[in-house]
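What follows is subunit A paired twice: with subunit B in the first complex and subunit C in the second.
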Partner chain A sequence: MNAWAFIRFYTILVYTFMFAPIIVVLILAFNASQFGGFPIEGFSLRWFGELFQNEAIMRAFRTSFILGLMTALVATTIGILAALALVRYQFRGKDWITTFLISPVLVPETVLAVGLLIFLRWLHMPRSFGLLLLGHSIIALPFVVLVVQARLVGIRREYEEAARSLGASPVQTFFAVTFPLLMPAIFAGALFAFTISFDNITATIFWRPSGMETVPTQIFGMLRHSVSPEINALGFVMICITVGVPLLAGGLARYFSRKKV
Partner chain B sequence: MADTATKFDKRPALLLTPAFIAITALVVIPMSFILVYSFYENVDLAVDRVAFQFGNWEELLTDGYYHNAIWKTLKISFVVTVLAAVLGYLPAYFIAMTKFRHKWLLLLLLILPFWVSFIIRTLSWIHILGNQGAINGLLQWLGLTDEPIRMMFNEFSVMVGLIHVFLPYMILNIYVSLEGIDENLEPAARTLGATPWQAFKEVTLPLSLPGLAAGSLLVFVLTGGSYVTPLILGGPSDFLFGNLIYDAVVTELNWPMGATLSFTLLVLLGSVVVIYSRFMGLNQLSKAFG
Partner chain C sequence: MARVELKQITKSFGSFKAVHESDVLFEEGSFTTLLGPSGCGKTTILRMVSGLESPTSGDIMIGGKRINDVPIHKRNLGLVFQNYALFPHRTIAENIAFGLKYRGVSKADAAQKVKDALEIVRLPGVEDRYPSQLSGGQQQRIAMARAIVIEPDVLLLDEPLSALDANLREDMRVELKAIQHRIGVTSIFVTHDQSEALAMSDRIIVMSAGRIEQVGAPEEVYNNPASEFVANFLGASNIVAVDVKGRGADDVTLEVPHFGAVTLHANRAVNLGDAAKGKLVIRAEKLHLSDGAAPEGAVSTKGVVEAVDYQGQLARYFVRIGDVQFQAMNMIDGAPFAQGAEVSVVLNPDDCSVLANEA
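On to the complex of A and B.
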């Protein structure tokens, strides 16, 4: 069938469009040339060495990592509670409440950033790490609620009721039954929140205190209409972490769950 | 159990309280402050005076520079949305309809870009379109040109970068609505005598419109609010409305004007969301997370 062959070819082209630039970054990270672009002058690991000796980048990495972990903690905690309320209970005005919970996504991030900054200015508070943490958490919250909500729907209440009828207290039931069942949802929400925080640049540029850099703002500062080879190496490392780790975790989870059966 | 059900249950309210406090304090109140600050008066660098005057709004409404920026932002958002829809529809259709055994792989590849850093994905286009980029490198290696062709730091490269970053949202949303269509409908239309194209046009396409609309809304609003992509991939004259906010707040430290511009962007993009939700509701948007 001709139309189908065309659709397949078109799909391959679009996938190429999506992945070719990323693959080029991965390749150029190993280019020996001291300019960040083509032509390729040979294989070299030199830029990875330079990268790990670059104190500014390493500091930005630590900042981003800690910020991401704390954002995941805050956003997931608040998000799980809200998602539990939405999935487990029936009450009036649920649609409105869901819309309200998702509302931070509907505000352009630039506007969200300026608004929070002006509010802080009115309170006479300087920009701080705490602002970044709260700001990132509020950006991540709607996504966490949506992701966790989708996972929670699948957990049936019968398990808890069974535990209760067998004599477990509500607290015991929560820790022995509910919490383990919630774990995948918590993990998915936390991973999402971490990624959103780790990747954020739009709002971070406004919120960061002077002198503090996250990985994206550090890269942004290093770009002067050209890409240094170090940035390519950094890109390689980041892609390995943000793509490789979840893929590996997902692959292992599949492998072990298959083995059990 | 019947007894507890009739009583007012406090538990959902308790569970929702932290989220409510967070959104109220960090989104709702700051948004009202933007409006209040837009009436303040800018005195000097980072110095402003509490006032109730319309100077900022007058500047916004009378200065052609701002009108131009609004117009340009709407135009670029529109073009990026249309191109993303054109590029995205067929792949979404392919993933939804394929009999390919490893369909999960195609879906995984679709989600993968979300995990790759936004700034890396954006700057990667310098490697493709730049003077030392892949295209110029290839052309020179083939001997087709001596001088690199300038393809970077213009409106074109900004739009390519925006489409590249936002395309997965479009494909994912279209895919979700295509996947939800009863797979017997198209064959049914065929047995009733429709050609494949008619069956698609009369059955599948209309049923996939909610996903197309949700994807378009996301791409339009996300593009309309961007300012980092033009800074990385654009030239000096390639700015979006978000760049004016960035300049006002970060460079000129003119807070009242920054607030005025932010409120304008909020109203512009907010009205797009409101119009959309009047017709479609916001449920479709959350489906992509299922």
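On to the complex of A and C.
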């Protein structure tokens, strides 16, 4: 066996190891049997039906969805402003602020989660949806900043200077020129933020107020009792959302960019 | 339209002084070029007039009003950039109408003005296209249209031709000058290209290292450079140390090594003052080579062609005369001189000028 064949074999093994569990979940979601396992006893959408009947799961979905949207909104707004400051202006301590903004990616999530909790206790504030939103925004912010910053560097300053020379105030310039040119990055950043929030579990477990569940914590809670076929169906939906949304967005972005430029 | 005046203006970036104390006047309706190598401060001056930079000290006056503290979007200027800076997400019509929106022009009036502006830059009918669908030269015309449609007090052009290829650049400079002439707006043009400056300007301001070296009409700056820097920057020049032998009522006689005595008209020696030693500036294209003997009475000497830089209708020769190498740019008549050819070098005193010896 030559080296290349070995590498090919090894690569296939690695990918199988990575994707087999996911594929198992996807297949079992359609299994008719009560007990999740092979061999499959027949094709059924029964578990999806049960899923939509399950009040707790639907509530968790709504929570995750709203949390994801609001995280995207908050992280994107702050991210755009931060990126603008970092790229377009010179000020003292810029490198430090950049590192600081990016640091949530570098700090282990558990440390970040505990830290934020201790900070809130110190402020005598209870855990709440607001905390969850704040926390998720902190985790998502670095991605938004990095994406928007990268795009902003590529937008030549002359566009803004031209707009200003033609009579647009700084704010008008931002909305007429900078914002539309940044749009693809803003879109991508918001999407990142949404997905990061939507499937975050580690920090969410620390931060959620009692009684509130997001989809991942709901699955986690259900797993403690047994692996029910419902969870497979829920896993299927989660995978569709976290993979499908970015793919769809990427496709849309490419479609619009081709149409105009 | 307005005249622009800079009074004792300076600009520093940290400890680097980009512009030293300068007084500049841009006459109403004139086309003035700031010419110099990169880093000489010409762009900094343009950016200070536009409001993109604020001066460290000194005043900027437009139409007699001090505008140091007026932000750029209230200055009513037209700005044209080297890389066009057309908004890529907007159509040509939207690009040109951009400035009109902030001036409260109605939609119908704006459409008419856009049409007129496209007429002026001779590119009608492209309203609905996007910038990326136009060539570089066309994009620069649109950028011009966008800048002039707001009827600016001053038009600022920051190396607008440098991104175009050579042939197009020469067409565009004629075009640009014609547009400026038609609308008569005070224009400030920044370039490092001496031929653009000579071709387009009413007045040229030559700058070097943050200082103004010379101000004058193109012919004046070209024929009577005020310094060695100007002589070298505007075309190739030979600069020769000379002794002043005598001064007449309206002429000056110089002793030029190898060539002997040369008499210049006094108006070619305005920059000499009453120095005893000077520097003779001999333009490369004013030094003529011939293979026969020099004509009777001409100032000439013998030299050897050391290298030939063939350029088509022209050739640049490097000619050794004694221990000095001269450059001569001559039209090619028949075949160019070969390397190693012995030639007569003829100098026409009327084409030379002399500077005081600075050292």
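Simple rule for what comes next: the second predicted complex is superposed on the first by the 221 of 261 C-alpha atoms of A that agree within 3 Å, B and C clash if a C-alpha of one lies under 4 Å from a C-alpha of the other, contacts with A are read in each partner's own complex, and residues count from 1 in each chain.
In the analysis below, a contact is a pair of C-beta atoms (placed from the backbone, for glycine too) under 8 Å apart; a residue touches a chain by one contact, two chains touch by 3 or more.
On a predicted model such as this, the values are computed, not experimentally measured, just so you know.
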Checklist entry - Which partner reaches more residues of subunit A, subunit B or subunit C? => result B
Next on the checklist: If we overlay the two complexes on their shared chain A, which of subunit B and subunit C does A:R156 touch? Say first, second, both or neither.
Outcome noted: second
Next on the checklist: Once chain A of both complexes is superposed, is A:F187 in touch with subunit B (first), subunit C (second), both, or neither?
Outcome noted: neither
Next on the checklist: If we overlay the two complexes on their shared chain A, which of subunit B and subunit C does A:F129 touch? Say first, second, both or neither.
Outcome noted: neither
Next on the checklist: With both complexes superposed on chain A, which partner does A:R164 reach: first (subunit B), second (subunit C), both or neither?
Outcome noted: second
Next on the checklist: Quick check on the superposed pair: does A:V177 touch subunit B, subunit C, both, or neither? Answer first, second, both or neither.
Outcome noted: second
Checklist entry - Is A:F65 touching the first partner subunit B, the second partner subunit C, both, or neither of them? => result neither
Item to check | subunit B versus subunit C as contact partner of A:A85, first or second or both or neither | outcome: first
Checklist outcome for this item: Listed in rising order, the residues of subunit A that touch subunit B in the complex are 3, 7-8, 10-11, 14-15, 17-22, 24-25, 28, 35-39, 77-79, 81-82, 84-86, 88-89, 91, 97-104, 106-112, 114-119, 121-122, 134-135, 137-138, 141, 143, 145-147, 149-150, 195, 198-199, 201-202, 205-206, 215-216, 219-220, 223, 225-227, 231, 235, 238-239, 242-243, 246
Next on the checklist: Give the list of subunit A residues in touch with subunit C in this complex.
Outcome noted: 156, 158-159, 161-170, 172-173, 176-177, 180-181, 260-261
Next on the checklist: Can you tell me which positions in subunit B touch subunit A when the two form their complex?
Outcome noted: 9, 11-13, 15-16, 18-20, 22-23, 26-27, 29-31, 33-34, 37, 87-88, 90-91, 93-95, 109, 112-121, 123-128, 130-134, 136-137, 141, 153, 164, 167-168, 171, 196-197, 221, 224-228, 231-232, 242, 245-246, 249-250, 255, 258-259, 262-263, 265-266, 269-270, 273, 282, 285-286, 289-290
Next on the checklist: Applying the document's contact rule, which stretches of subunit C touch subunit A when the two form their complex?
Outcome noted: 50-52, 71-79, 81, 83, 85-89, 98-99, 102-103, 130, 132, 146-147, 150, 156
